[in-house]
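These are the structures in question, set out in turn.
Presented sequentially are two complexes of subunit A, the first with subunit B as partner and the second with subunit C.
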Partner chain A sequence: MNIQRRDTLKAGGGLGMLGLLVAAGLIRPELAEAAWNKGAFDAKSLDAAMAAMGAGKPAESADVQIAAPDIAENGAVVPVGVVSNLPKTEQISIMIEKNPNMLAATFDIPEGTIADVQTRVKMGQTSDIYAVVKADGKFYMSKKEVKVTLGGCGG
Partner chain B sequence: MSMNRREFLQVLAVAAAGGMTLHSDIASAEKAADKLYDVPKFGNVSLLHMTDCHAQLLPIYFREPNVNLGVGDMLGKAPHVVGETFLKTFGIKPGGAEAHAFTYLNFVEAARHYGKVGGFAHLSTLVKKMKASRPGALLLDGGDTWQGSGTALWTNAQDMVDACKLLGVDVMTLHWESTYGAERVKEIEEKDFAGKIDIVAQNVRTTDFEDPVFKPYVIKNINGVPVAIVGQAFPYTPIANPRWMTPNWSFGIQEQGMQEAVNAARAEGAQVVVVLSHNGMDVDLKLASRVTGIDAIFGGHTHDGMPAPTVVSNPGGRTLVTNAGSNGKFLGVMDFDVRGGKVVDFRYKLLPVFANMLAADKEMAAFIDKVRAPFIEKLSEKLAVTEGMLYRRGNFNGSWDQLLVDALIAEKGAEIAFSPGFRWGTSLLPGDTITMEHLLDQTAITYPWTTVTEMSGEMIKTVLEDVADNLFNPDPYYQQGGDMVRVGGLQYSCDPNAGMGKRIDNMMLAGKRIEPGKTYKVAGWAPVSEAAKDAGPAVWDVVANYLRGQKVISQRPLNLPTLKGMGGNPGVAV
Partner chain C sequence: MANPMRIRASAKDGVTEVRVLMSHVMETGQRKDASGALIPAHFITELTAKHNDKVVLSAQFGPSVSTNPYLAFKFKGGAKGDKVTVGWTDNKGESRADEVQIS
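Showing the complex of A and B:
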């Protein structure tokens, strides 16, 4: 079952995905740093993070879809995916409302790229997850609740 | 009216003296059986469904709940009806064999009259009868098959694996099976089940690359009709049970994956698509309203014995949702009339398995004897006699759980005890001897360790709130399908309609309010964290010790929360 893929990635060692991409020359490190929005990643409230991103109060859009579990299997690694069907999507951000620093990730989507991203986030408690999408200069969002429970007692 | 066994035998003796011979009793049982099990064949595609037998190879008693609350949109709807309302909802005549099978009403009296239910030898006879009248019929097993008895635990599920092969199971999905560990499940799939039983689960994928762990579905040809069976394992296995037992498997509801599996099966030519599900009924009902192209969902997990399917409309048409109870008590029989490449009509019946009305299948009975033989001495140990009825099922407590928490408090010197809200576990009648086997029916799991924890009042509230939300969240996708954690020592009130964190109130211990900052000694069992592995002796050893000391178990009142806002809810009867 996909042993080869697993082994190939294992062979990549401790570099991690970003490291691999950098090593492969797919992205230049200085580019990644230039795009780092420190104010947004340091923000302690949803409004402050939105403001730092220049998002204001984005409208909810059904074209922004979040794929995340209803109940997290492991709060330390919650898989979250966002798909934007909005034309000219430039950026996708993922925010965890109850996290101390709520902005978990920002993806810049180069022109001609399918706006479909996935990552893992850490969550200490039940929270809404926000996906904020910048498309054609405007901001849109959607949200989904992910429960983090103590576990046990089922069935 | 309630009779103990002696009184019942006296009544029988009087009846016999009055000319009603034992022979006529048997004759009337046979007549009743013929009526109950004479299910005319319909259509051209039949599927038999069993679920949640919890490794009960022998006939048992199983009392259905008198508390099964529905909140939000589920209020008063199947499966959240009990007792008289249940009978009215499904048009079942009070007082008969079916009323006894489906409800708790007059349980003790009726159980003495109709005898035990389930047992693989009797189930096997029924399966053979249904397969004989329905050529090509498949037997589907919804899971929770390998766990729930001493022999299943001690044979590492082998007794149930072999019993299912003998019973003729064709396709199964999973929940408690996973608590034997990922390697053991795959070993059984690849060796024991190879070419015989398919394990299907579209919602189990690897945690790293989301590769499928099992076949999402299989397509079987039944009388020339391609029928797809899509699997849905219990979505919250790594949360409700120890994640460390299946560390590389991810579950979840995976609605989109379900739609893709259904579409793929249709594209492959399936004319009938059914889901073999361990979601629990509320989750199945929501899923059926949102995913299109499913003809029926055969459900389990919540142990709801539903005499008729719920018909759910969705943008693609309609989907039937069934639930087939637990502990080997029922067999679901679905007949589809498939014409012009689609299901045009159906008949469904959930048959109670009355051991006295179905002869034991000889081959299965011999297998069961053989597999139990090495353990008989241990299983038969007499621990105590119970004066009251012992049962588990119910949203908040059962008399078996009351006994477990009483034992934990006594044996551990704790102030408070918690016992998980499991829905499996058999029932005993007043006067029955509690054997080690009965105790294992309530406790046989692969992580049985007892724990003693110093817990703050605030933490105790957090635990109760957390479990209450898993049971009463108005969105079924956020429910886990167990019952409320059973609590000993501590009294509380519960408002199921309130929001997360606001349902539990008035927590009292020995007449004093629980203080958030104070610590309390809390005993429990079945810890899910890996760190709690081997925390303390197995729960059956602790409780057995208590029972041996007590000898006679008096009927004890249940510690139940004060319910708020549930007046008139047809999911509760007292």
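Showing the complex of A and C:
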């Protein structure tokens, strides 16, 4: 059996699939490359992350609600939900103040999508979780402390 | 190729709720293996969800998102049988897209 030939065929098939996906609009390489906000994700302090997002110093708002446990037993999996009741919410970001990379996730909310997202994050230690919401061009935030009994970033 | 995502999409009262469970190691780049060498970072950076051809959510993830990331969101509209597609790309350039019908 000619093994090289099989590998070539496999590689060819893989490429063809990727091409198809791009053609179908499932993957948009130009968009995927450009959008990731490296500065914000690499930021080591809350102020730096906010600055990289263009948020400056957001005002605290009661219309931004964080759903997270008061005490998380396992820091590797902490459920966090953010709801924004502000009109024209465009973006929701979740930050964990004491993580090495504090920005966990940014969600862009197009019109028609409800400003209500849930995900799970890792937490190295007890920390404040910040939700930063961009609504109608302005930034708002809210925070909640989550106590972690077992860190999620241990080796 | 990474394992398939588990996606559930259900429409109720004009609102579609989508829940996604991705299969990914989400390595932070902070952990060390048994010999003390750093395990290189490997995590999802971008995610896009579409209802038919309309983007209903796009997200950027950092390494702080949990292993096998979970995501839930809601959008207005959507009817039984409509397509919901979720696709991600990670920092090593790997990607995956999966599709379900709204139930």
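Methods note: the second predicted complex is superposed on the first by the 115 of 155 C-alpha atoms of A that agree within 3 Å, B and C clash if a C-alpha of one lies under 4 Å from a C-alpha of the other, contacts with A are read in each partner's own complex, and residues count from 1 in each chain.
Methods note: contacts are C-beta pairs under 8 Å (C-beta built on N, C-alpha and C of every residue); 3 or more make two chains touch, one makes a residue touch a chain.
Remember, it's a predicted structure, so these values are computed and weren't measured experimentally.
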Touched partner set for A:Lys147, first subunit B, second subunit C, both or neither: first
Which of subunit B and subunit C A:Asn37 touches, first, second, both or neither: second
Which of subunit B and subunit C A:Asn85 touches, first, second, both or neither: neither
Partner chain in contact with A:Ala67 - subunit B first, subunit C second, else both or neither: first
Partner with the higher number of touched subunit A residues, subunit C or subunit B: C
Interface residues of subunit A shared between complexes with subunit B and subunit C: 77, 79, 152-155
Subunit B partner contacts - residues on subunit A that touch it in the complex: 1-2, 5-6, 67, 69-74, 77, 79, 126, 145, 147, 149-155
Complex contacts: residues of subunit A adjacent to subunit C: 21, 25-28, 32, 35-37, 41, 76-79, 81, 96, 99-110, 112-114, 116-123, 152-155
Residue ranges of subunit C in contact with subunit A within the complex: 15, 26, 28, 30-32, 45-46, 48, 53-67, 69-77, 85, 87, 89, 95, 97
Subunit B residues touching subunit A - in the complex, by the definition given at the top: 144, 175-176, 206-209, 211, 234, 236, 238-241, 243, 250-253, 256, 301, 420-424, 462-463, 466-467, 469-470, 473, 475, 477-478, 480-482, 485, 500, 526-529
